[in-house]
Amino acid sequence: MTRSPALSYTLVISGAPYTSQAPQSALAFAKALISGGHKLDRVFLYGDGVYLASSLVTPPSDEVNWTQLWSEFLMQTRTPAVACIASALRRGILDSAEQTRYEQPASNIAEPFEMAGLGDWVEATMTSSRILYFLPTD
Amino acid sequence: MTRSPALSYTLVISGAPYTSQAPQSALAFAKALISGGHKLDRVFLYGDGVYLASSLVTPPSDEVNWTQLWSEFLMQTRTPAVACIASALRRGILDSAEQTRYEQPASNIAEPFEMAGLGDWVEATMTSSRILYFLPTD
Amino acid sequence: MPTLHIINKAPDHPRFPACLRALAEDDTLVLIENAVMALVFESLPLPPCYALRADVNARALSESSVTGVKMIGYAGLVVLTETHQRVMNW
Amino acid sequence: MPTLHIINKAPDHPRFPACLRALAEDDTLVLIENAVMALVFESLPLPPCYALRADVNARALSESSVTGVKMIGYAGLVVLTETHQRVMNW
Amino acid sequence: MHTLIVIDRLPYGDWHGREALDMAFSLAAFDRPVTLLFRGAGVNWLRPGQSADQLSQKSVERNLSAATIFGVSALLADKAALRQYRLSSDQLSQSASETDLTPAFYKQFDAVVVL
Amino acid sequence: MHTLIVIDRLPYGDWHGREALDMAFSLAAFDRPVTLLFRGAGVNWLRPGQSADQLSQKSVERNLSAATIFGVSALLADKAALRQYRLSSDQLSQSASETDLTPAFYKQFDAVVVL
């Protein structure tokens, strides 16, 4: 079977860990697209998806740590990863710049996620061959 | 109209701010029950409700800060408030004890919320006259 | 003993019909949050019930007077919990 | 141009029938996550489609062979996105 | 490339619709063609006279009234849903027009996004 | 005081059911009478042969099998929903019994909780 030429993908995650399967489905898909010879342009966290970027998640030892699995995958594959800043601030996910700006006691964004605006998503719609949305369960 | 004698209430919040109206409906109800001469025994955050206890929430200046409103209300009324520890840890809400125990870089639980287990909820079912659940939207 | 049923789900949510089927003759139903949309939702006949005014006004339904639906405030909701020992949240 | 529709909602979710109504003759439907329950949900007739094996196995539906439903893995889902320029997530 | 942003949830119960609107406004801000569709329960976003202060929320009606000014091409409403929620098209705020949601309808757009 | 904990969502899509189960187990641990009801889509928790490792989740079947051992009085399944999801009661794992969900059914319990 002739496979198509390499495509580029952006994955948007708008469902949170536990409250949805979005982080799990998206990670399995991300790995499969790379094995399929395609490029993962970026991962964009929006809405409740930003909870995936919390560095303080501490699941029980017999449960998976989605934040950690994603961090490892993003760093291994050198994939840019963005948490939408408006979604993140409202939900209590901050980087050190925002921590300073708003005089908050701590920051909690996991490596290698960066904060950015919806402009990054708009750009993705124009530059990636495919853009998929991993949504909340309900 | 004869009002009933003073009742005691426990409010369980299992919906998150923004993702649901639970924090808003529960706060309006809490204020009304106190005005109605009743006692608010405790507020128990469970499941996604624990996100209400994040000290790092930073909404835009033209939006309400539910964590702050709840903190002020709980402290003014001296109402015990608990975030279920299992729900909280998995979702990245930690107090300093858990921060230390799990060697995490920060803690982010808002005053005056404390971590506790479901035993507190079980006790509430046995001691409060009424127990209401403010649920997710979906 | 009458039960107070408080539902916050939209009328097209699967839990809404499940709630209606659980209502006994002497039970009381209160619509809060998205559930107030049932006031104008054709596909689901609504029994006599209460609706939370703040949620009705937000969704612009105050003109949709429906026979058998009474508006209440949060204080009225508290009173309903006083007069019902059993409360079920849906 | 055929569209690939990927749905993750349970069959009793209001968005499920909306998705089915949007399917053109030449479109492709993939059930993932809770949507795989449509394989055994009486009230909603299912057109020919794909279902994600990991979700089918978790929910114990692998024995429920349904005519017209093909199981795929995540690699198969990637292939479907290769052959469809338009993807709609429901 | 013309994008369709779909809102199919009720206003005020959650933030999905507002976040979908932010996406629409961002596309418009970058001069990307975008249309808003209100489908199913989402048609209730177009009901006039929303007063959400008692919920400590801003009325979504206000957010929407800026839509076409900011460059959103059109606001469309699911005809069948309007009937289901007892809304007539002349009642609708924001000069939204009703539309039938056939498969062909969606094919007009290069990308369709719903949260 | 006998509590009914209701699960009416599908397994694996979210954590609500697991958190409802934790509530049931906590009541049982404190020797409080508790019954579990699987209603609507929730009946699918009782389907035998669940294998969730590919989702990196533990099978809920295993969680449930401990229920009666830990003191949950009974596991009940919504009869109408079993039909709707093509499950026959002899297929059910966990020796759950089917029940009709009439208003009188719920009145048997002092408290009913669903998440």
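Points worth noting:
Which chain is which? They are A, B, C, D, E and F, in the order written, and residues in each are numbered from 1.
We adopt the following convention: contacts are C-beta pairs under 8 Å (C-beta built on N, C-alpha and C of every residue); 3 or more make two chains touch, one makes a residue touch a chain.
Because the structure is a prediction, the values reported are computed rather than measured.
Between chain C and chain F, the least number of touching-chain steps is 1.
Two chain pairs, A-D and A-E, are compared here, and A-D has more C-beta pairs in contact (counted per touch definition above). When every chain is reduced to the mean of its CA atoms, the largest separation from chain B belongs to D.
On a Cα centroid basis, the chain most remote from chain F in this structure is E.
Between chain D and chain E the centroid-to-centroid distance comes to 26 Å (mean Cα coordinates, whole Å).
Between chain A and chain F the centroid-to-centroid distance comes to 33 Å (mean Cα coordinates, whole Å).
Averaging C-alpha coordinates per chain places the centre of chain B 24 Å away from that of chain C.
Under the contact definition stated at the top, the residues of chain B that touch 2 or more other chains are 18-19, 21, 63, 86, 131, 133, 135-138.
Multi-chain contact residues of chain D, defined as those touching 2 or more other chains: 8, 10, 12-14, 33-34, 54-55, 89-90.
In chain E, the residues that reach two or more other chains under the touch definition are 12-13, 15, 40-41, 55, 57, 111, 113-114.
Note for the complex: chain D touches chain F at residues 8, 10, 12, 33-34, 37, 40-43, 53-55, 57-64. Residue ranges of chain F in contact with chain D, taken from their complex: 9-13, 40-41, 44, 47-52, 54-55, 57, 59, 61, 83-87. Looking at the complex, you find that chain A touches chain B at residues 16-19, 48, 51, 54-60, 63, 67, 86, 89-94, 98-99, 102, 104-108, 136, 138.
Residue ranges on chain C touching chain F, taken from their complex, read 1, 3, 14-15, 18, 21-25, 27, 86, 88-90. Chain C contributes residues 6, 8-10, 13, 32-34, 54-55, 73-75, 77-79, 81-83, 87, 89-90 to its touches with chain B in the complex.
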